[in-house]
Amino acid sequence: MSATTLPWEQPNTRIEGYVRQVRRKFFRHKLAVWGLAVMILLILIALLAPWLAPYPPNEVMNAFGAKPSAAHWLGTDQVGRDVLSRLLYGTRVSLFIGFATVAIYVTFGTFVGMAAGYYGRWLDMAVMRITDIFLSFPYMLVVLVIVSVLGADMATIMFVLALFKWPTVAMLVRGSVLAAKELDYIKAGVALGFRMPRILLRHLLPTIIGPIIVSATFGVAGTILSEAGLSFLGMGVKSPQASLGNMLHDAQSLTVLTEQQWLWMPAGCMILIAVLAVNFVGDGLRDALDAKA
Amino acid sequence: MGTYIVRRLFIAVPVFFGITVLSFLIMNLAPGNPVDMLINPNIPKELLELKRERLGLNDPLYAQYANWLSGVLQGDLGYSFSSYAPVSRLIGERIGPTLLLAAASLLFGLLIAIPVGVISAVKRNSKLDYFLTGITFLGISIPPFFLGLGLIYVAGIQLKWLPTGGMTTLGGDGGAGDVLLHMILPVTVVGAAIAGKKVRYVRASVLEVLGQDYLRTARAKGLRELAVTNKHALRNALIPVIAVVGAEIPLLLGGSIVIEQVFQWPGIGQLTMEAILSRDYPILMGLNLIAACVVLLTNLLTDVLYAAADPRITYG
Amino acid sequence: MMAREAMPKPMLQIENLKTYYPVRRGLFGRASGFVKAVDDVSLTLYEGETLGLVGESGCGKSSIGRSVVRLERPHAGRVLFEGEDITHVSQSELRPVRQRIQMVFQDPYASLHPRMRIFDTLAEPMIAHRLAKRGDVQAEVERLLQLVGLPRAAAHRYPHEFSGGQKQRIGIARALSLKPKLIVCDEPVSALDVSIQAQILGLLQDLQEELKLTYLFIAHGIGAVKQVSTRVAVMYLGRIVELAPSESLFRQPRHPYTKLLLGAYHPPDPLLRGMDRPIIRGDMPDPSRLPPGCRFHTRCPYARERCRGEDPSLTNDEHAVACHYPLA
């Protein structure tokens, strides 16, 4: 049996792989590219904070509430700590919480959503109702209340932020799986007698990964905002540890707000920049992966 | 349609009970109990024990839950630890300002989002579209408290145009005009967040409708693009946008805490913070439960409205 | 043609198979009716033969194929493979059986995983079933590619880099990777250009000879079935209406439906691509509201009073037919 000519051997045919196609579409999205650049920069700042920061973040200087100067580019806070150093460390904490929390809930939500969507029947019913229950609670309210009850250390904050976010991922994944499991190439895996883990992880997951990635990216932005909100209210990351949100906590006092802008402006701008950058990356990924998430 | 609504209601019942269980459990995560909070060397131990017994705190958890639930079903959410007032009354007193703020913000947000989204869609991929998209992302990405603080700083303190917080001027007449003036800043902040979220949605929705055949026909008949957009696309594109406004309710309720804190707005958001700081668990439990039930109901309503608005959904 | 007197072994027995799809309505989504996709079908496949299963789309032929490979669970009835009931065993008990029954899917564009290289697509089944040692996989994949007429270089490409016919060759190679005895071919050529169809059919025939395969060959086009089948079963609305050795059926169809199907068939002409669908007056009835009596009477030019009231059953002879008034 002779094979016909293979497409890639013919002249003038350009075959583009999936990854390359995604990359091309992403880099066409200018804002997304800028977002990616800023995001990488911020990640570097977060990783290198101990080397970049001019002072240890919790070290108390003799000048407190000092205006920006050559020694303290962004001044010092009311306790006398260097604001720039705290800003760098705060970025580190905020980004860590953002990425780690999303990693936790996206993994869990994907797992649950795949199981519900693939097995269906009673498991699907149960998961759907449980997600309904979790999603009925207004996110900020319930997270705030639980954190205040359990006490605000970083692990607790991440756990609670994740606890009320996984259902959104589970629902998204469930929907994708319901559509994808009818695809012939997934059914082929069943007919070939593959075990469930192989079908779910090697065949199904790569098929539905696009919307998951997009939702995870927007999730990082959302989680950074949520943590900032919690810390702003004094229920998030606790002093002396710096987070971008708790640096704004003090601005609730009128004196700080009106007379010591260096205490809250930089942290607020940092949150805005970080969230904006991540959102742009998410938007670029959504276009590139052609995913409605 | 009727059976669809009934079925949707039946699904809501187990969810309601799940909500009550979760609300109850959250409050019981707390180490210790309210009586322990009253630790005061002047109160004799026997009295504390008596109080504990009277509050049913020595019963097993499920009995406490059953007791609490039967109260809830009769509208009794318990009593505040700090003021001893019924929780339902406390929440009732504070819900008005929150609803006022939420409704005004929603309206304001949509009034911005719809025209911006439509223009963005009609002029898709133009400079204007990119500019509006950029602004939109700013709206999604800015922390509401930061925007709020910024506005207070600029409009309230530097320019002295607007009051910086509260719902009425102290010692003022407390009239509608005064309240309206106080609402401008918080409504701007919340409205911006809602608009940011909705613009993308409106844009996508209009784009989808613009791509459809009958519109191409209308365009072929020589109608100007914008006229086409107004007449045909808008109605079809906006039905889903309006119908899913209910999806913003949890966001508004959750977000109210931060906003009311920033603007000293006397609603349930502030009540929440007060209750958190004084560890007033019955209030928190009641707030959580009511908020979740409101969300459950709006979701129910949204589904029904959506089904009614979109004939493509079958009620099978 | 199959020599029946040689007493071939039955390989696959389908007994009274019923596949119903519930039509959900009402308050709790209780099934208020059923689409009877397969309604009491019995069939036996003998070793080494190709049984063609033909009918219009929606007649239930694909449901039979999917039930055989247990992608669907039938409502009632049994499927026996080499004497073993595979209808009610669990997925894990089914695994060794799956190795012996494989499937070639209709749409080669949809049946290969787009994110997997051909090498992985072909190697994965062997690895999962432990049919090849790690070191032998490479050689095995190359052997499979050669078997279906593709060059070795194909292994390192992705599905989208191939034409439809080449993809279907890969689909066949994947089915062969487990060294099956029975292959369910679910309309394997209907998504392909006519010129490619003949190549793929030829390949299937060559492979059958070389590897001693048995085929359940499902198609809606008469042409493909005629080329490859030793016996043919004609389906209409969930039932088999005629079952006969290929030569006999095409020479002298006995069911009016078969006759109309054949009459509407013209040998493939590239200019008439997609035109070789049977043209029979009227539409197929709603399969959830089957007509009483013979299912075909609403469209049958020869229908008489009896056909409206009494459901004919399939005769039990070599040229079996389910008709009260079979054609001579």
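Every chain is named by a letter (A, B and C) in the order it is written, and numbering of its residues begins at 1.
The rule is simple: a contact is a pair of C-beta atoms (placed from the backbone, for glycine too) under 8 Å apart; a residue touches a chain by one contact, two chains touch by 3 or more.
All figures in this text were calculated on a predicted structure; none of them were measured in a lab.
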Which two chains share the largest set of C-beta contact pairs: A-B
Identity of the most central chain, Cα criterion: A
Mean-CA-position distance for chain C and chain A (Å): 48
Interchain centroid distance [CA atoms averaged], chain B/chain C, Å: 56
Approximate Å spacing (C-alpha centroids) for the pair chain A, chain B: 23
Touching two or more other chains - residues of chain B: none
Contact set on chain A toward chain C in their complex: 1-4, 6-8, 15, 17-18, 183-185, 187-196, 198, 202-203, 206-207
Chain C residues touching chain A - in the complex, by the definition given at the top: 69, 71, 91, 94-96, 98-99, 102-103, 105-107, 110-115, 124-125, 128-129, 148-151, 153-154, 157-158, 160-163, 165-166, 169, 174, 178, 199, 202-203, 206
Chain B - residues contacting chain A, complex: 11, 14-15, 18-19, 22, 26-27, 29-30, 130, 133-134, 137-138, 140-146, 149-150, 152-153, 157, 249-251, 253-255, 257-258, 261-262, 272-273, 276, 279, 281, 284, 287-288, 291-293, 295-296, 299
Contact footprint of chain B on chain A as seen in their complex: 31, 129-130, 132-142, 144-146, 148-150, 221, 225, 228-229, 232-233, 235, 245, 248, 251-252, 257-258, 261, 264, 268, 271-272, 275-276, 279-280, 283
